[in-house]
Amino acid sequence: MDWGFWLPQIMLFSSLIPALVIFLLRDEQFWLRTSLNLGGSAVKLVLAGIMAWGVLAEGRTYEASLPFLHNQELVLRVEPLSLMLVGLSSVLWFITTIYAIGYLENSPNRTRFFGFFSLCVTATIGIAMAGNLITFLIFYEMLSVVTYPLVVHRGTPAALAAGRTYLLYTLGGGVLLLLGVIWLQVLAGPVSFESGGAIDFLVDDHRTELIVIFGLLIAGLGVKAAIVPLHRWLPEAMIAPAPVSALLHAVAVVKAGAYGIVRVVYDVYGLELSDQLNVLLPLALFASFTIIYGSVRALGEFDLKRRLAYSTVSQVSYIALGTALIGPAATVGATVHLIHQGIMKITLFFCAGVFAEARNIHDIREMSGVGRSMPLTMSAFTLGAFGMIGVPPLAGFVSKWYLGLGSLESNAPWVIVILVASSVMNAAYFLPIVYKGWFGEPHEEIEVVEAERFQVAEAPWSLLGPALATAGISLLAGLLAAWAYSPLSLAEIVANQRMISP
Amino acid sequence: MSEFLIYGLAAAALFAICLHGIITRTHILRKILALNMMGSAVFLLLITIAERNQVDGVADPVPHAMVLTGIVVAVSATAFALALARRYHAQTGHTELHDEDGST
Amino acid sequence: MSLVGIWVILIPLICGLAAFAVGGRSSRVIGLIGAGLTFLLSGLLVLHVWQSGVWIYQLGGWDVPLGISLRADGLSAFLIGMTGAVGLGISLYAVRYFEALTPGPSQDPSAALRTGSGRGEESGAGDSPEAERGGTEVWLPGASYWPLWMLLWASLNVLFLSNDIFNLYVGLELLTLASVALIILQREQAAIVAGLRYLLAAFLGSMAYLLGVALIYADAGVLDLGLLADAELTGTATQVAGGLMAVGLLLKAALFPLHFWLPAAHSSAPAPVSAALSALVVKGAFYLLIRLWFEVFESAGTVSVEQMIGGLGAVAIVVGSFQAIRQERLKLMIAYSTVAQVGYLFIMIPLAGSFGDPEASWRFEAWTGGLYHALSHGFAKASMFLAAGVLLSALGHDRVWHLAGSASRFPVIYLSFGIAGMSLMGLPPSAGFVGKWLMLRSAVESGQWWWVVILLVGGLLTAGYVAIVLSQALQHDVDEHTEPHPVPKLMTVMVFALAAMSLLLGLRAAEPLELLEIGAPFQTLMSVVED
Amino acid sequence: MENRDPIPDSGPIVRVLSIILGVALFGILATAVLDLDVEATGLTDTVMERIGESGVDHPPTAVLLNFRAYDTWLEVAVLLLAAWGALVLRQATRLPEQPAARSPGPVLDWLVRMLIPLAIVTGVYLLWRGTDAPGGAFQAGAVIGAALLLLRLSGYRSIGLFSAAWLRGSLLAGFAGFMAIATLLFITGWTFLEYPPAWAGLIIVIVELLITWSVAVSFVALFVAARPDDSATEPVGGER
Amino acid sequence: MMLYLWLLVLATPLTVAFMIPFGGAIRRRAIDLMPFAAIPALIMALPREQTAIEVADWLLLGSSFGVDQTSQIFLLLTATLWTVAGFYARYYHADDVEIHRFAFFFLLTMTGNLGLIVAMDIVTFYASFALMTFSAYGLVVHTRSAKALRAGKVYIVMAVIGEGFLLTGMFMAAYSAGSTQAEFIREGILDSQRSNLIIGCLLAGFGIKAGAIPLHVWLPLAHPVAPTAASAVLSGAMIKAGLLGWITFLPIGEAALPGWGTLLVVISLIAAFSGVLIGLTQDDPKTLLAYSSISQMGFIATVVAVGLAEPRAWGVAAIGCALYALHHGLIKGALFLGVGVAHETGNDRNRQRLVLIGLTVVAIALAGAPLTTGAMAKTALKEGVYIGPEGWSVWLDWLLPVAAIGTTVLMGRFIWLIWRHELGHVEHGQYRGMMIPWIILVGLAFPIVWLAPVWFQLDVSPAVAFEPGNLWTSTWPVLIGGAILGVIWWQIARTPREITPIRIPAGDVLIPLEWALARIRPPEPDEVVPRPPDPVAALSASWYGLFAESQQGSRTSRLAGWFVRWDVAGLLFLTIGMVLILFMLWR
């Protein structure tokens, strides 16, 4: 059996099949659904582990290509860069599944939720493993669609309105991306992802077109990556249940956009060509503006999830920013932030969900003293927040560090100002929350309730555990960054590949 | 002016006139009749073509066959349309197609 | 094996006649057998063409131009295959659908399915005095459905296989009459007026087409498509004929603004009929037009005509989508969606037309793209109409506004609706995406940017109404007065199966696309595409 | 019943536009016709060359029932469909008699008695002549159908006597018979719609006969079924 | 092996800290262990020989640990102070229900403080620095009083700004160095084309912690409000972290940077004087001590400035720096702890007397009276100044003693404040538990400072302080200061009145700044923040509106109704047909 061919496919099916089966179940079939979910995610985790071993230790590449159109194939390939998102999705899917099971206990339409949830992961895994542009596009669009039912899951008018806005944004972005992809394919033929890009030969005759196509691709991807001014859907989508927000913000949707930008710059155009076309500076400027703008907006939001959403807007653009800088360190920074931002942000959203579930806290101003009754949650939140600020030894610092070095490497020292300003602003909007949670005076009435609850646990373990787990991972990812199997090392491999080949 | 032209132009004129009728007349029966006569216009043209194509006094049988087939087809459609129109009239009392009926 | 092309016409006819002759409830069994066999035969035909290339059959042993030939190339096989698959799905659905419609001792008369009009009369067999006097047999809508449906199916196959422009006319008429008869199956007032309007419009279209046939025959002296294509006609008469046939077929295919008959007709018919009409019948006229356009009028056609047809298609997309969203009833919304999607199909004409460079490879790309879109639309739209039928029979209405919250009770139905919608939008991974992809590629390649814009915007507009329905259904507040009627599982399964097909065909399009290449026009261009 | 005013014919603007466009259409069609005013033979030669093999002498009949039998076969199907559609419209499996059979009166009665045999004879003659001169199944069918109608209109029981099965059988006869023959031959190895030369004439006659009967019944069915029945004229709408 | 010892230094307080959240018996055990958490560090500070740098290539971005001569002294200071403060705090907070919270932050802060000393690369340093900074916030706001919260706010804002400066400087330094190791960083800064920017950033970033003017504003607010044990480590040990940062990462002693040197020396002198002057106006002894710390750090910074300006001087100056830091840290710690002990004396005269004597001894030492640690440290400090840039020594030679006069007066006021206002404030019954650590510290401060140069074989001998010249140099400022104090005391004794009518509020320059900021920044809004319009959302909303409005009325749109009309449709049919035909003909 050719494992290189089958593993990527099994990887996809490990969430696709549970998704399909789940759709056939009734809401009450809790155990079957749960075991399907957990089984699928466990299988995925194991597969991700196997492939990680293969890729990292044995230097293998897993590749499956399936015929699609005349001269076009669907390619699933697992190499270091894809492994990053594959790994992230697998790990976080597993954790989020546990969280979601706890979170949605007894709420209506669980079957629908978990079905689309699994589909969403399938799409993300597909995006991660996409080996050429069209495969990427297919999964990218699939993601837009399958996340819609999750966003509107609550079914309130507000949720539906948010869902419509979300859909319009992502589909609009998809349209731009589609146009860009088609145009590029018309010029270059089937475009597969190759380190350093494979379309240099077009530069002499099609310079302007290439620039326009780059703009289209980035604009299309920028919607999901929430680059200003295409970010507006993200805070609106916060209306979704917490596990969805967590997954949307940490793994699936925004990552799809950011990962796409990484792919386009590194593996479609190649850094050299991108530089030659002078398209990186605008990208960097947009990303920088987003970083600052997102932070400023976050300061003005008092709804916890909305603040986190704007924080995501800001943080995800780090990836785009790093991608737009030329140099191995920037590449390391950009790619490692894919993972780091994911685990940190998911921690924060998990916590936000726990607050909402256990204490019905949605507003930052209600968080006063919540750390006393929910110390574990608040600890996880604090770790996530400090990570976001970029305080060592948390993961966020590592990303920021490489981005900072990268900015100097590519002779764009102004980026440092952005990074530092962003850190300061992150502190400005996260530290008050941390402060309120730990040091604020708890509301009287809550404390009474606490007295009873505290005996048991501050929240169900299915909610708390995932939050703590991801918080722990985000700490370890930073603390052990230099370890050979850390995300950072993986990112370094990715960067080396991208730097050597041209 | 050749025989072909006379009949041919007559067919053309008939076709145009029937089309005018279909457009401007609202009574269903008139519409059906106009359509039917439109068919006749085409058949006239076909017959004319058959005559034009004659070899040794034998007219081209293919247009003839087409006309015969066409007539039956047209008759069938006409008859069915009439049946429908009568039913419609019986149900609603209308002799015209009321626009809103179908679209609400 | 090589005669499967005849059987694919004969079997549905035989079964249809048998069903008619037997009448009553047993017609269902015959109809089902017919559907199954026809499906198999369609598959065999596809296989045959796939393996042995273009199939040509001289009927009665008379060579063209004397006789009539049947021809199955990739395109025909493609559409017959689609008809087979969609037809089977519709048939299986219809079994249960009309079963519910058949009054029996155990059945509550109010359980009869309604076809959708809010004010249509109740259907039932008891109100016909003849039936009472007839004594032995009662009139059953299902009993009439099966033979008519088989005949409709047969006429589609006739159309797709015929290689003779006059025979195509007969086929078209057969199709029209079968459709109208099916529309009025339940004699509701709305259906009758819609059927009448449809019949008259189709009649008008046929006349224009027939006049075109006459002119072409006068000009070329042959009726065979192959011979006409070889003749490379460019005479005035042929050109006039081209215009006439085009406008006639546009009317039959309901391209904006000649769509006036479609929404009412498609929405007032029973669900399986609506599905067949929107998914298959419209494709008949479309098929004929592209057949003619790229074979007979390849030399006579002009860029301006193509652009104009495309322009109408563009307007159709916009107007159809806007109208769709403004419809109160789901079936009407879906019908207007067909108006928009037909516009989408016709954008293929300017793209595959001779714009710029007649020898360019993008023409073939657009041609396959348009056809693939037709394929995807076939499955998706059938699924949508059948879904609407399920909702209608379960809830007793199909008012979009009042579907609020029904997603939790009909999850599979809405899932299918969503998947079908995806296909219509051209979102990957769906068959619609493949079509859209190819058409877009062609538009970009040929530099016809205006079509790029409309193709892309069209997708968004489609999303506009599909998403609205879904969002309405996903609402939390359940808008419910009565407990919904139980719906037979098979119906739901068929809705899903058709939607799933529209998805699966997008995952592996290589083979269907290769099928289309067999015997396609643009033979000279295909080698370019191959690299 | 909804009583709405009839829609008046189109106003002057539409009329004028329609006339202008109609004239233009005529002009264009005329151009085409002028263009076609040339010597051409069409398929005359081709048909005449092979008419001997067709089993009939009259070229159009040869074309209709042999060379292009497929067209004819399908055309019968069209007629069948129309009749069938009319039945659907009536939601009936059989056709009604004249509701209240009135005595036709002595004159009419006599006329009917005279005309019916004449019509039948004429029909058969037309059918027979079809093989070598204008005429054929449709003409014959139309005449016989007219006779049946006459019977019915004058109050005789005719078509109403047909049971549901008979009615269906009659409607189907032409098409099904045609198909049966063609299919049988096809199964036995002949090309579809090919007649063994020796049997061609006979087959054509049989087919024509069947078609004639079907056409006749179809016409009657169309006429009768279109007639609104009592239930349909009642006010519609409202729940039962 | 060494590596794990270094890690143990950090792991010990960290482990104890993370025992606390478990609650119950584990928590109580952790609180008992709190004072011992710095013991491993203390042990590691003792060896006379420094071992090689150890690298943990799996930790962070590759951490390295180790100490050099200078940092070992810092480690000694820090470990000692934390240990003493730990014991002290154990009793100070005995009745505090939130002692676990204090202990948790105390231990975390300790980890950070120790970590930054043993870190030999900039990332680990920064990580520890951040840990210390953010954890110390918990100490600052421990009492939750309004004052504490305000101080905490200012503290954290300044800390974040400081982190920003550091990060900026670190990026550029590390990039230029291509490494994170301290030694390479120093070179890298010089090699960098942006070396001035880097130096500026690092100066400012660490300067905030070191209380350099004008970045000191948080210090007089935060140090006093913290619980006394925390104040002691804040002012004694943590304030040195900034200094250590400068010493470790700035290329002092490697290249002449006269510009930066001048700037720093000016700032430092301003700090040295203004710290004294503003300190004099304070009523709260802890605030006064905080200002004194600003002033004292000014002294040390002067020497750093010398090193910056004149690399040759650094070898000597560094030792002076370290020694002075050691002296100041221990003494200032003792002073702060003493304030707490003074509160606890109750009405017991003996206790009061003991406290006053002890405080006076350390106060005199801080003033630099001869034979005290201060005198020795100051002498060592001056060694560096003498080989400093030309012309500087002339100024520094008399400016520093003048500052010492100020310190003397300041300490006089401190003792007076304690004597008059602070004795016996509260009575928790923890006097003994607090007094013993304090006395030990007072007792140890002298020998440690005296013996450190000998033990570590520094280039400076304690004997220098006993040379007559130096003896006189250290004597006269104290005498003058004493005289001034005498005059003042005489004045007050004659007519009791306020000597210093001016009261500069703690935080000095911050006050107008805060006022100005309050004008600019609107108060926290309770209402929804207005969001700019979103065209896409508006589009989707209007599309939905189109749908919603057509759902309730059963009217088809006019357009649709129009198209359904036969005559319209027919005309369209005709028109399209005509156009198609015409287009066909017209090619």
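Lettered A, B, C, D and E in written order, each chain numbered from 1.
What we mean here is this: a contact is a pair of C-beta atoms (placed from the backbone, for glycine too) under 8 Å apart; a residue touches a chain by one contact, two chains touch by 3 or more.
Quantities reported herein were computed from a predicted structural model and do not represent experimental measurements.
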item: If a chain touches chain B and chain C alike, it appears here; value: D, E
item: Shared chain contacts [chain A and chain C, defined touch]; value: E
item: Closest chain to global C-alpha mean, per-chain Cα centroids; value: A
item: Most widely separated chain from chain E, with each centre as the mean of CA atoms; value: D
item: Chain C and chain D, separation of their C-alpha mean positions in angstrom; value: 28
item: Distance between chain centroids, defined by C-alpha means - chain A, chain B (Å); value: 66
item: Inter-chain centre distance, chain D versus chain E - centres from mean C-alpha coordinates, in Å; value: 105
item: For chain B paired with chain E, centre-to-centre distance based on mean C-alpha positions, whole Å; value: 99
item: Multi-partner residues of chain C (at least 2 other chains); value: 166, 170, 173, 177, 180-181, 184, 187, 189, 192, 204, 211, 215, 217-218, 221, 236, 239-240, 264, 468, 471
item: Residue numbers of chain B (touch at least two other chains); value: 15, 19, 22-24, 26, 31, 45, 49, 52-53, 62-63, 66, 69, 73, 76-77, 80, 84, 87, 91-92, 97-98, 102-104
item: Residues of chain A engaged with two or more neighbouring chains; value: 164, 167-168, 172
item: Chain pairs in mutual contact under the definition given at the outset; value: A-C, A-E, B-C, B-D, B-E, C-D, C-E, D-E
item: Contact footprint of chain B on chain D as seen in their complex; value: 1-4, 6-10, 14-15, 18-19, 22-23, 25-26, 29-30, 32-34, 36-37, 40-45, 47-48, 59-60, 62-64, 67-68, 71-72, 75-76, 78-79, 81-83, 85-86, 89, 136, 138, 215, 218-219, 222-223, 225-228, 232-233, 236
item: Touch list for chain B against partner chain C, complex; value: 15, 22, 28, 31-32, 35, 38-39, 41-42, 45-46, 49, 52-53, 62-63, 66, 69-70, 73, 76-77, 80-81, 84-85, 87-88, 91-92, 97-98, 101-104
item: Parts of chain E lying in touch with chain A, wherever the complex brings them together; value: 21, 56-63, 123, 126-127, 130, 134, 138, 141, 144, 149, 152, 156, 160-161, 163-164, 167-168, 170-172, 174-176, 194, 529, 534, 536-537, 539-541, 543-544
item: Sites on chain C touched by chain D in the complex; value: 3, 6, 10, 13-14, 17, 20-21, 23, 57-62, 65-68, 109, 119, 121-122, 125, 127-131, 133-134, 136-139, 141, 144, 147-148, 151, 155, 158, 166-167, 170-171, 173-174, 177-178, 180-181, 184-185, 187, 189, 192, 211, 215, 217-219, 221-222, 235-237, 239-241
item: Chain C to chain B touching residues, read off their complex; value: 118, 166, 169-170, 173, 176-177, 180-181, 184, 187, 189-190, 192-197, 199-200, 203-204, 206-207, 210-211, 213-215, 217-218, 221, 223, 263-265, 268, 332
